[in-house]
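Here's the structure, in structure tokens; my notes come after.
Naming follows writing order (A, B, C and D), and every chain is counted from residue 1.
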Amino acid sequence: MSIESQNRAILLACCPDQKGLVAKLSQFIYEHQGNIVDSDQHTDHEAGVFATRIEWELDGFGIAADAIHSRLAPLAASLQLQWTLHLRPKETPIAVFVSRQDHCLIDLLARQRSGDFGGRIALIVSNHRELAPIAAQFGVPFFYFPISAEIKAQQERDTLKLLKEHRIELVVLAKYMQVLSQDFLTALPPVINIHHSFLPAFPGASPYQRAFARGVKLIGATAHYVTQDLDEGPIIEQDVSRVSHRDAVADMIRRGKDLEKIVLARAVYLHLQSRVLVYHNKTIVFD
Amino acid sequence: MSIESQNRAILLACCPDQKGLVAKLSQFIYEHQGNIVDSDQHTDHEAGVFATRIEWELDGFGIAADAIHSRLAPLAASLQLQWTLHLRPKETPIAVFVSRQDHCLIDLLARQRSGDFGGRIALIVSNHRELAPIAAQFGVPFFYFPISAEIKAQQERDTLKLLKEHRIELVVLAKYMQVLSQDFLTALPPVINIHHSFLPAFPGASPYQRAFARGVKLIGATAHYVTQDLDEGPIIEQDVSRVSHRDAVADMIRRGKDLEKIVLARAVYLHLQSRVLVYHNKTIVFD
Amino acid sequence: MSIESQNRAILLACCPDQKGLVAKLSQFIYEHQGNIVDSDQHTDHEAGVFATRIEWELDGFGIAADAIHSRLAPLAASLQLQWTLHLRPKETPIAVFVSRQDHCLIDLLARQRSGDFGGRIALIVSNHRELAPIAAQFGVPFFYFPISAEIKAQQERDTLKLLKEHRIELVVLAKYMQVLSQDFLTALPPVINIHHSFLPAFPGASPYQRAFARGVKLIGATAHYVTQDLDEGPIIEQDVSRVSHRDAVADMIRRGKDLEKIVLARAVYLHLQSRVLVYHNKTIVFD
Amino acid sequence: MSIESQNRAILLACCPDQKGLVAKLSQFIYEHQGNIVDSDQHTDHEAGVFATRIEWELDGFGIAADAIHSRLAPLAASLQLQWTLHLRPKETPIAVFVSRQDHCLIDLLARQRSGDFGGRIALIVSNHRELAPIAAQFGVPFFYFPISAEIKAQQERDTLKLLKEHRIELVVLAKYMQVLSQDFLTALPPVINIHHSFLPAFPGASPYQRAFARGVKLIGATAHYVTQDLDEGPIIEQDVSRVSHRDAVADMIRRGKDLEKIVLARAVYLHLQSRVLVYHNKTIVFD
């Protein structure tokens, strides 16, 4: 699962289950002298869906990188494939949306600095000014878009324009405490959110307070793609941490921050490595 | 936390927070030559509740074991203490209720056989005949009470009579797929249930099917005391296990069984060790 | 990962990395009308090793089950494949070796009873009589082979004869406190052992005592294939459990038993599902 | 376990086990009108050691904060107590030692920024220049002390002088790749180190490479106090993360960084909250 500097192509695909899928896809790569370095197939028998992730080396591959898509298209069509093709190395341009909490943002910026990330945080958008110094500190442009009911639509149009100018391909909600309108969401590239509970337990607001009141022995965090139904999008990654009666709500929040930043970072990493396939409102994570 | 063979007394108590609680309780024990071997205090500042568990040696203690309760009562009253006193060693008589699934039952019986348990399974009650051979195998009396809407009230009365005859002090629902009526529940000693999900996610029926449909990355199990509100009683113990897209519902059920039996056994053990205090519909586990 | 009742073939294989491996293997299956239901490939770039697990349906497959091996052999030879072929459904005959501790044995027997196992415990071998009643209870033949320095060689020959008579294909050391001689080990089918520590920490005897003395915050258990070098064989599965200063050695042992039985059972299950490939003294677990 | 802003005193103590310890200590606090808010006692029966942590409110307490130590001393002496007294609120001045890796340093600085820390990073010491920009970014003084065999003794003397000037009370080795000389260590305040393995597995250099070669299924990290015996000091906190054959050494290093930063931060937090007591080369963590 490491970040490779070599030239690679990755096919993420699913289709109705049928015989010969692995043979046909691997044959296509082999007949053009491609060397498969990682390959994983899964059949969801209940749904009748075949899913695969195939990664192969581009060095020595008989088709130019920018021609692979068109050359693969006829085979894909014959198999009724829903597919995306990803070329490596690549630094996916990312926009991070934040409000006032800094732990997820700093963690993402620190990973980018370490080179452990596989993407590039091109800009930060916020409805508050508090985190502008963090952005400045790490040298990333910060855009302040205050939000109120009257100007929300305008703010979303302005944000969309900005993301297009920067060719943003992934939006990360790093504790962004605003609901995205349906129109906005439709126009955005994929959006990953971190929810501070173990979904589907405690959806919505104040999950730690509710976890404390319920006396749970574990708290969790969930990273998911954002869809129209708040807190109902496909789950990419989850984790939990043990708590006890000794943990007040403030302690749960403090412990939860560690969960949130680690779980969000893992989900972003998996997405950037083209390891996440979505179907039927859930994910296959080829890890 | 080990099972000690020495003679011990354990006080589990809570009361409104006030100064001098630890001093007064420990002084009572010290002035009668008691040696405290384990002691834990916790103050829930939000609720204004002080809670404690104190364990001391009875060898050399200046009050006879059967007189401790009456001698402690005046101090307890002056502190507005809600308290229970537990004497060791003791083999708490337990009734295990089961339906058709055997994994939790066998696990509990195996622990009893190993001596790792701290209680004695006096009898097994079931609404099905399937697990009678397991009971016979481990030499524990098995009582078959078939249930239908017409005879449920009678069955509960008969069960209650049986439990009283055997002086049962704890009921364990080890995958017992019946709802207890409110009257029955009120008449029973403490009841511990295992729910096959990470409550409050997926309360009610078929949690694994719903976890699969939702695409969660972790499944869980929850052991809790049973109250009138199904799946809403005080949580004693929880744990989770990682799953992936490779796990079909049948796999989740299989993995879940391991979680269920371990989490239930831990909860029963903690109860039998007098380590669980209930207040405000949640638990303090002094572990 | 579920236990399927359908007819399946599973190929577990590794070879020097080269182009076209996936294509050639999947083409072989496809050209005989096989439907691949699960397939996973991995390349260890450091070692230059390609490894795969391919599972396909036998219903409709153009080669009879008992002819697959010979028909696949030429292709396998041309690819320098080290391979094993497994046909399903199958109840692998297993011998469980025990000494005096019962928790792993009862857990394995209970899984077999539940049908969650994928194998059949054909017999139990012990150097002590203590667990004979457990074997009787679950209706499995129990063979008592006392061991002393003088008769160890004879005991091993007798045991080997017994295993051959029962066509045993897997030996599980479920807390068997004897070292196997090199000759014995060489003559045995695969042997899985459970070590009561997180290897390579605390190899050898009394790991819980040493963990307690060292003040570790986690204890572990490790299931591994047995090789000539004690506690150095390929690791199949590991897990840990949190401990604290409140846990005396006896508590660590009690908590450790839960780890041991779960980790051993997972390893046996993975082996029986033909999901474990060994190379370079370590495993690839295709889960 | 939350960071309280109220005025508090905390007693951390151990002594030979004897009757009346809890009574005498709590009586001392009560007779001066102190309100105990958190109290925990533990007896290590094997070692015959009693240990306790008592936290009480200073508001209304009958002894001035700066006189508590002298007033408590006679009782402590009569009980043969080894004890430390801690007053809150306090911002313990910390020196962080680093080499080239930034993940632990940034994480600690980010926690300090969030106020989730309980201490104050007064300065950063490094034997390399690489992390000076991080220090500048967060506004913390950075001191560069290059090390070679010839000047190591001088460098340690200079560092010691610096720490004294800043009244440093805790040194955190945040991936500091230098061995501290015995004289240096003796002169330092408590030193917490993060080791990138699950000690005692893989002590010394290159643990991830060795974990990969051994084929372990879990990697770990260990935070411990530094003593003369490298990697043998009292363990404060440990955690593990699951890995598989898909993880190359580079992936283990990447995953390990998350473990390292979280485990180190937890250990530092526990120390700063006066929750760690050391005896017999191991810790009691009163959490």
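Heads up, the rule we're going with is that contacts are C-beta pairs under 8 Å (C-beta built on N, C-alpha and C of every residue); 3 or more make two chains touch, one makes a residue touch a chain.
Note that the structure is a prediction, hence the values are computed from the model and not measured.
Undergrad: Based on the averaged CA atom positions, which chain is farthest from subunit A?
TA: Comparing chain centres, B lies farthest from subunit A.
Undergrad: Is the C-beta contact count larger for A-B or for B-D?
TA: If we tally the C-beta pairs in contact for A-B and B-D, the bigger total goes to A-B.
Undergrad: Using the average of all C-alpha atoms in each chain as its centre, how far is it in Å between subunit B and subunit D?
TA: Distance between chain centres, rounded to whole Å: 37 Å.
Undergrad: In whole angstrom, how far does the Cα centroid of subunit A sit from the Cα centroid of subunit B?
TA: So the centre of subunit A lies 41 Å away from the centre of subunit B.
Undergrad: In subunit B, what residues contact two or more other chains?
TA: 38, 42, 45, 246, 248, in rising order.
Undergrad: Under the touch definition given earlier, write down the residues of subunit D that touch subunit A in their complex.
TA: Of all residues in subunit D, those touching subunit A are 1-3, 38, 102-103, 106-107, 110, 113-114, 116, 137-138, 246-248, 250-251, 254, 257-258, 262, 265, 287.
Undergrad: Which bits of subunit B are touching subunit A when the two form their complex?
TA: Within the complex, subunit B contacts subunit A at residues 42, 44-46, 51, 198-202, 213-218, 220, 234-240, 244-246, 248-249, 281-285.
Undergrad: Could you pull out which subunit D residues touch subunit B in their complex?
TA: Residue positions touching the partner: 17, 19-24, 26-27, 29-31, 33-43, 45, 242.
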